[in-house]
Every structure is written in C-alpha cells, then in structure tokens.
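In the two assemblies presented below, subunit A is common to both, partnered first by subunit B and then by subunit C.
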Partner chain A sequence: MAPLQTSQQTGTPLSPAELSYLHTSLTLTPPIRPDSRTPTQFRPLIAESDILPSTNGSARMIWGDGGECVVGVKAEVEKNSASSGGPRDWVEISVEVSGQRDDDAFLGMTVAESLLVPESGVLERLALGERFHWKVFVDILLLTPPLSHPATLLTLTTYLALRNTFLPKLVSEVAEDPVFDDDWDNALPLYPVDRIAPPITLLVVSVGENIFFDPTREELAAGDVVLAVSICGKKVVGVRTLEGGGGGVGRAVVKRVIKESCEVAEEVFGSLNSVGEGD
Partner chain B sequence: MPISISPPQPVQYLLPPDSDSDREDEKVILDEDGDFVRMSSAPRKRSKTISIVTPGETVTSDPQWMRGHGTYLLRSKDSTAAAAAAGYGSDTEMDDGADATATINKLLSVKPLHARYAPEIGDLVVGRITEVQSKRWRVDINSTLAAHLLLSSINLPGGILRKRTSTDELQIRSFFSEGDLLVAEVQSLFQDGAASLHTRSLKYGKLRNGHFLKVRGGGIVRGKSHIVTLEAANGAGEVDVILGVNGYVWVSKKVTLQAPPGGESITRLEEEASEAIYSNVNEDIAPVTRREIARIGNCVRAMVRWNVRVDEEVLNAVYLSALELEEVGLGEEGSGGSGAECLEGEAGRRVVEAGMERIREANSRAGGMVE
Partner chain C sequence: MSRYEILSPEGLRTDGRRWNEIRRFSAKMATTTAADGSSYVEHGNTKVICSVNGPIEPRTANARNSERVTITVDVCFAAFSGTDRKKRGRGDKRVLEMQSALSRTFASTLLTALHPRSEVHVSLHILSQDGSILATCVNAATLALVDAGVPMTDYVTACTVASYTNPDESDEPLLDMNSAEEMDLPGITLATVGRSDRISLLQLETKVRLERLEGMLAVGLDGCGKIRQLLDEVVREHGNEMARMGAL
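Up next, the complex of A and B:
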C-alpha cells in the first residue's frame, strides 16, 4: 500500500489564496472546475465485477487518481434466534480503509442504513423458511484512499457487488432444514432485475448557487456545504450533511440537489448496470 | 455524459517511456534517488516484459554483481551472497540482469515504480507549509522528510538586507502560515536528507492567482527550466506553470511586476515587490483565464498520466492539441462542448498522443531544413 499523502494525513488546510481562487471559479456561471469537468460529470471510473471466486458476489472499482475499492459479498445460512435484533442483523457490513483506524463506523453506517431501506424487499429474499435465514456479510476494502471523500466510490462498488450477488436456490420446504440446489446456474440474484436495486450514495457539494457532483478534495474544501445523497431506484432516500452547513443550507439549493441527483443517478445506474456486459 | 465506466485495461496500454529526443542511442532513466542514469540502448536486448520485484525478494546470488540503488546485501551468509530488492514501496521495478550487464557495468539497481521525491541542492520545488515553529517553517515537499524553511532564508518585506529581529520572529505567521503554498529552491541538505529551502529571489515566494495540482512523484524530471510561460488561447493572457521537481505543480496567471516609473534600479524593484509579496489576496482573474488555467492543469496531469516528459516544448504542443480537441469535440457533439475540456481517461491519451505527433512533425521538419 502506498503511504498516505502527507497533506491528507495532517489535514493541512489549503492556502487562503487557493481557496478564494477555487471559490470564485466555482461560483461563476458557468462554473469552472479545477479539472474542467461539467458540474454533473464524474471522474472516469474503471470497474469490474465477479473478481473474487469464493464470494457470492464481488466488484472492484478504481478512480483515475488511484483510489481503489474492493467489495466482497458472502452469504451464510444462520438459525433465526430471538435474542438478536431481528432482520436488521441479517446484513453485516464492515469497511476497512487502509491506513485509517477501523473503528470509524461512519462509512459503514452510511452504507448499511441505505441498504436496509424498508421497501427494497431484500430482507424477504434473505428469509429461508421459518427457522433459517441468510446472513450476508459485505466486506468493503478501500485500498488507497482516493483524493476525495470515499463515500461515492464505496457505494458504487457495493452496488456493483450486490447486483452481482447470487444465492443458491432453495429446494426444501418451508418447515424443513434448508437444502439447496447444487447447480450454480440456478442461483437466484439477491437483487433481481425487476426489483428495486441497491441504493447508492452520491456526494454533492454546493458552492454559492452552483452544485457539483463527485467533488475532489479541493472542491470539498472550498464548498459551502457537502451533502451525501442516497438514492434508491428513482427516489432520494436520504440526505445528510457531511461538512459545513454551519450557515444553513438554502432551500433552493436542497431542492436543486434532489432534482439533479435523481437525474444524475439514473445515468449512474445505467452505466453501472452495463459493467461486465461487454465481455 | 456525466459518468464513464470502463473495463480495466492491460498494463501495456500506457505510452512507451519517452526517450530523450536529442540522443537517439541513449536512454535517460530516472532512478530511485532522482538521478539521471544514461543508458545506451544500442544492444537492444531489453525484453518487452518488465520484471517486477518486491522488497525482500532475492534478485541474484551471483557475487559478480555490484549493489546499486534500491538493493541491499543479505548479511546472513557471507556478505557478497545475495542482493535483494529494497525500496519502501510495495512494487519495485528492476532492469533485468542481461540489460544491466550490457549497460551499467555489473551494477544492479532497482527502479521503484513509486518513489517519493529525493531533494537535491538547486531543485525548484513547490511546497506547502505544514507547521510553523519559532524560527522556521516545516514544508511538505512530497519527500520522506519535511523540508525546513528558515526565517533567515526568506526575503523580508522592506529591503533585502534587513537584519532579522525578534519582531519578525513574533510575526512569523504574517509571512507564511499553515497551508500556504510557496515556490522555493533547495538550498542545502541536512545530514538526514531533509532539505533546507530558500526563497531569496523574486522568482520564489508565496503562490497566488492560480491552482495547485499534484502529479505522481518522478512525473516531472529535472530540466533546463521549471517555470514555463504559456501564451494561453482565447485571449486569456499569459499563464505561468511552475513545475516543481517534487511533483507539485502550480498553474497561475502571469503577474508582471511593474517597474516604478523613474527609478529603475533593481533594489528599488525588490523593495516594491516585497511589500505585496506575502499577501493572500488574488488579483482579478478573468473567467477565460481561469478556464485556460484549468485546461493547462489538465494537460500536465494527462502528460504525467500517460508517461510523457513535461517541459516547455511538449507542454505547448499538448496544450495546442487540447485546444484542437475541444474544437473537434464541439463539431461532433454540438452540445455546447460540455466536458470536452476534461482530459481524464481516453481524452487525455488522445491529446497527449496528438501533442507528441506534433513534436515529431516539427522535429522532422527542422531536420529537413538542415539537410
């Protein structure tokens, strides 16, 4: 693993001149991003799915700047027990960021919360008869931290892995101990195509009147407020403030963020679903 | 098109390393410490495959080899037994044995894939202040150790030869404070390899009016000039590019120092300049200039990404290609050129290739004229 960049480790702020340059550039109409992207443009991604043979589903994604994320999804059969927290405990998510403390539960929470959206119907698909259920372990490994907040990379990779997760088909009756079909070709997807897909979280930074998707570290620093918008299907299921927002967020800005997030997310879902189709 | 997701590409996808254009039969290799090693490529035995060694791996146990950069001897048996690849990174690249024999006389060295910047006296670096101490600043220059900038090695406002007083020490933050960017020269090296910087020239000092970007260490090699001035297109004026040897790059609007009317002496000019030299306020920069600054930044990033040497000639060519690409892109899409300036991924590769093609053409034309 490459060592963390010094300025990231220490969190040295940007210089006042730099910040003011960025802020002015980003508030212009049309805004000028430091890398000339349009406000809704993402940095190019490299992605592949089904890379880990011993998992039920896996994916890997790389930013151009070296940030890399690997996600593996593994399922195990578990007995229903009264003592546990019920279906909420059926999905376990662990996030490991190389070079950071692993008790930073924030990222994992973000993913888990958005995964367990009630209407998604995942929990029903995890139930195995009356006494058993699948327990799904989602392991997220962030190899080299990208130069910006990892939430986007993380959720996009998780989405891809979950989309490619298949569980063996149950052949036994509801009351019996679970017996599965040996044939992997008959395995059922965790997220069937016609059902609600797993959610993704996009980062949006607002500077003045403008909003930007997929902000870099500098844009995050220059932004007035950073929002993490979780989108499931075509709906925004959650918005949270990551940084800033001390002066409050304008109502118009939030409205715009939600409207544009839906549009952008549709394209993102489209691109993600086409990963792996080419080969 | 807001997002593009592509499948992984094989490693050979990168452009081949650029050989020095003026010496055809030789190849300049930047080794781990940033030294140039000229290698003759006349015996073209170098295989296409690059052998990768990892730290701790035994490279050879043949005693005929000399230990070069990035290797060490195993002490366990007799000291001449084995050399193993070192280097802090997880991946180190090695010129395989046959090639090394033919070229650098039994000296076996390992070239790291990723290395931090190793400062040398005289290097132009761009750095960021990380800490303010009583008489010095600590500066992040992408090296293994933070560099030092002594209070005595900066230009103080109000005359170059003024004595440093305790007042200056007290208001040290008014010159540079945490996070400030500066361009400096490596003045000397401490025993442990840490650099000591100085900004005692009008070329150096605090950076304003522009945008900072960071490229891979080793992406910018030492050259004749590290401050490049480009004539930006679309009436954007001149843009300065400071290519720090440490991989930190500053792209900014060119600011010309106005010589005071009448007094044309150099010292007078320096005094005038010193007044504003530590200001944190940007000048007015027109949106067109900002756009071109971003574009030039993208060019530098793409050039390093695609393994092309960054200097004035190439940067100019690549910049022109980038401008051309935008025009072509406008014609193709007709959608107002959204994102056509973004040079990441495939677009960057095309621009860099077009730029290199432009240079080859210019070189062949120049060669033709000589004949």
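Up next, the complex of A and C:
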C-alpha cells in the first residue's frame, strides 16, 4: 500500500498518486474539480439568521461537509474609561471550537482585525453620548470540528449575524445617562443597508494557473498556495497566505485572485443579503 | 412577593399556559453530517444542539472499561445564551454537575455491555436558556443517541415541575418551568425511561415541603409521558423520511 501523506493543516489522507491525479485535473484548462463545480462555485450551504431571541443578532450556517457555526452578537452599555484601549476595545470577538480546550486565538484575530475597518462608521454608531458606549461581543461557536479550513464559514456566519444586529434606539441627550426606546421595532441596525457592510474572508486555492474558491480539504491539500482574502464592500482589505505549499505563487496569480475575489464577493454578499427575506 | 403574579386567579401563567401544559416543543434529528448522531431541540426559548459520536475508540485511558461502554458528556453554554453575556469555563461547577448527571442517567439506560472498551461521546451546546435546561439536554441527547443508533432500551425523557403556593397556602404543581418560574419557585427536574413510571434522574436544587413532592412527581411523570410521545413522533417522522429517501 502506498504511504499516506497527510497534509498538516487539513489532515486529508491522500496518497501521492491521488494527490498528483487531483493536482493534474485541477491544472487542466478548463479545470476539473472532484465535485464538478466551476472554479468560483461554492458548495451548497444552509443559512439562517435571527434565530436566537436573547441576542441582538444571530446566525447559523451549516456547510455541506458537516461544518456548523453559530454566531451570537450581544451588546452591553459600558462607561468610557481612559485606561482601556479606547474604541479598539469596543468590539470583542471570541471563537470557541467544540471539543478543543483552548480558544483558537488565530481565527478570532483574523475576524477581528478585518472587522474594524476605518470609515465603516461602526465606532460612531457604538458611541452613546459623551460618557458611554456600546460594547459589542461577537461570540463565534464552531460546533463541529471543521473538515476544511473554517475561515470562510466563520466570516460568512459573522457577516450574516452582524447584518442582522440591531441596537436599541437612544432617546436621551448626549450629556445624560443613556435611556433607550422600549420599542424594538425602532431599533437601529449596526450596519445599515446603505453603509459599508462587515467584511468577509474567502479562501482561495491556486493550482498552477487556475484558482478555486471554497476549496474542499482535498483541494487544499493539492493546492500550491492557499490565500485568505478579506473583502469589505468592493475592496480587498487583507490578503494572507495560510499555506505556502511547494513553490510559492507568481505575482500574476495573486493579481487574478484579488480581481476575481471582488467579483465573487459581490455575488456572495448578494446571496447572503437575501437570507431571511423568504420568510 | 414578586412584581408580577406567576399564576393568575384565573389559573393562567405569565406566558398563558395552564398548570399542566408544556411550552412549544419542536425537535429535529440528523441536523449535521459530521457526527454519528445529532439533534436540535427547541423547548420554549431554550434551544439545545446535540451531537453524538460513538461507539468510538476511547480518547482517554480512563474512558476505557473492559466491561462496558463509557459515556462521556460535554456540556457547553454559549456565552450569548443567557440574558447577560456570561462565559462559563470548563471547570464551572454547574456544568460539571450536569455532565455527570447526564452520563449517569444514560449509563443506566443504554445497553452498555454491548460495546466494551469503547466510548460514546455526547456533546451538548446550549444556545439559548429559558429554564428546564437539564431536561432539554436529556431530551436532545436521547434523540441524538437514537439517531446515532446506540442501542438503548427506551427513550429517556425529562421535564421539570415547580411547586406554586396559592395565596390561601394550598399548593399547585406547575409543569415545565420557564426561567422566570425557575427563579421564583422551588422545582424538580426528573427523567423517566420509556412508558414506565420509573424515574432515572431526579434533581431537586431548592427547598420544598416534603408533602408536596408526591404531587410534583405525579405531574412530572405525566409530563415525561407527553414529551416521550413528542419525541416518538419526531423519531417516527424522521424514520419515514429516511425510508422515503431510500436510506433504509
């Protein structure tokens, strides 16, 4: 039997022959993916929003491979204090992976640093007069140990939850202690429709000249390089390599990744925004 | 005396139920493909996701028993599940107690001797809490264990009962507490196996008059019977669905 080669990140047991076969079929023009998707096509997923009554905003997503993620957003009123890190601390993100003892700091960081994009106006909406502000807790619960890299699942669910997050309307004056409108129907969205939406992160794997969105773990194992591209609105706000692969990646490929990510993200935003409109 | 009345003179509770009515109960089986068995239970505003893996090779040495299968339970409260955000660590006393209560209850009902030297791992996630959390966890775990095909004698079903004191000092049992009732009234959680009236789990965390316990148990057993019927419907419907899809 062929020795098993296990990719460290994805843990896929694929023999060198299988890896090579997969690699070849992905480098063809047009490429052939194992599940016959087009390069930009995502796997089917189930998404629900606004599922938990005790949160300000929530969402749940179930990926085809069994990955499941629940995000709850809660907001609390907090006094401004000089000792804390200022507005940077107003949003707190924690990721909990089921069955793992330690919280995965890296994943949380990925989401957090792209969340507070300047000019999005989120921090202005969190300020409550002169002395108080909202503190927003984003708790991400990864229910099943992910089979492929969970970054896409996490950020898409977080996006959905944040889009559905509402904060009670402030009725008091700037200098007073905050008093809120009792009517939940008057609550204001954290991310209004006409403003910059929360960012999402897409995983892109490049094999030869071809690039693929939403890679399965087999594709991740066969890829030359795995990039996590964060997109906010119509702009790319961050790119990082998750797996260097064998020989790195050419400049032209990175350029294409960024260009295509914007187009794909627009489609993703469109379909995520339609979640919950049906009912 | 609390601000609002738990039971109105007309016999209605704050959410409009009568004393012997349970809240809206809905459950789903096989919600994820990543585990051997899974379920999602909504009981009122209490929402629990459960997944079961097993029988598997024991992951730790102390889960290995050459006589029977070991049942390990992980209970996890989501930080956003309560009214205020609160993170519960793994060492939280209440969580540990729930875990041991659940694993002991199921150890007595599952046919543990059939899978020696292996482990059944039950993982429960509480997404939203509104009373009767332990009972909902029991029901969710039962459904997930059925979905995983772990051999068991019958359904384990659980519910809660509170004891309400009327202004005239007479008492009235209230079936299925929500969180407001749980806060104000003494109550019990009990679980039964199948149609029998045999109690496999009984938890009493507050003081209650001894002579009231009998009545509460009677109402609780009745409630467990109702829940059993609901779970049975869910399982049958899921089975029919599987048969239609050609999975059986």
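Heads up, the rule we're going with is that the second predicted complex is superposed on the first by the 259 of 279 C-alpha atoms of A that agree within 3 Å, B and C clash if a C-alpha of one lies under 4 Å from a C-alpha of the other, contacts with A are read in each partner's own complex, and residues count from 1 in each chain.
The definition used in the following text is that contacts are C-beta pairs under 8 Å (C-beta built on N, C-alpha and C of every residue); 3 or more make two chains touch, one makes a residue touch a chain.
Computed from a prediction, not measured in an experiment: that's the story for all the values here.
Chemist: After the subunit A overlay, clash or fit between subunit B and subunit C?
Modeler: clash
Chemist: Is A:17 touching the first partner subunit B, the second partner subunit C, both, or neither of them?
Modeler: A:17 sits against subunit B, while subunit C stays out of touch.
Chemist: Can A:272 be said to touch subunit B (first), subunit C (second), both, or neither?
Modeler: first
Chemist: With the two complexes superposed on chain A, say which partner A:27 touches: subunit B (first), subunit C (second), both, or neither.
Modeler: Once the two structures are laid over each other on A, A:27 reaches no partner at all.
Chemist: Pick one for A:55: touches subunit B only (first), subunit C only (second), both, or neither.
Modeler: Only subunit C; A:55 stays clear of subunit B.
Chemist: Kindly classify A:141 by the partners it touches after superposition: subunit B alone (first), subunit C alone (second), both, or neither?
Modeler: It touches subunit C, and subunit B stays clear.
Chemist: Which partner, once the models are overlaid, touches more of subunit A's residues, subunit C or subunit B?
Modeler: Counted on subunit A, the partner with more touching residues turns out to be B.
Chemist: With both complexes overlaid on chain A, does A:67 touch subunit B (first), subunit C (second), both or neither?
Modeler: second
Chemist: Between subunit B (first) and subunit C (second), which, if any, makes contact with A:80: first, second, both or neither?
Modeler: neither
Chemist: Can you tell me which of the listed subunit B stretches (22-30, 112-120, 130-138 or 166-174) runs into subunit C once everything is aligned on A?
Modeler: The stretch that clashes with subunit C is 112-120.
Chemist: Once the complexes are superposed, what residues of subunit A are shared between the subunit B interface and the subunit C interface?
Modeler: Dual-contact residues (subunit A): 62.
Chemist: Would you mind writing out the residues of subunit B in touch with subunit A in their complex?
Modeler: Residues of subunit B touching subunit A: 1-9, 88-90, 114, 128-130, 140, 142, 146, 178-181, 206-214, 280-282, 285, 287, 290-291, 294-295, 297-298, 301, 305, 338-339, 341-346.
Chemist: For subunit A, which residues count as touching subunit C in their complex?
Modeler: 51-55, 58, 62, 65-68, 70, 72-74, 76, 94, 96, 98-99, 101, 137, 139, 141, 143-145, 147
Chemist: Which part of subunit A faces subunit B closely enough to touch in the complex?
Modeler: Touching subunit B: residues 1-3, 5-7, 10, 12-18, 20-22, 24-25, 28, 32-38, 40-48, 62, 64, 213, 218, 264, 267-268, 271-272, 274-276, 278-279 of subunit A.
Chemist: Show me the residue ranges of subunit C that touch subunit A in the complex, using the header's touch definition.
Modeler: Residues 31-35, 45, 47, 49, 51, 74, 76, 78-85, 87, 90, 123, 125, 127-130.
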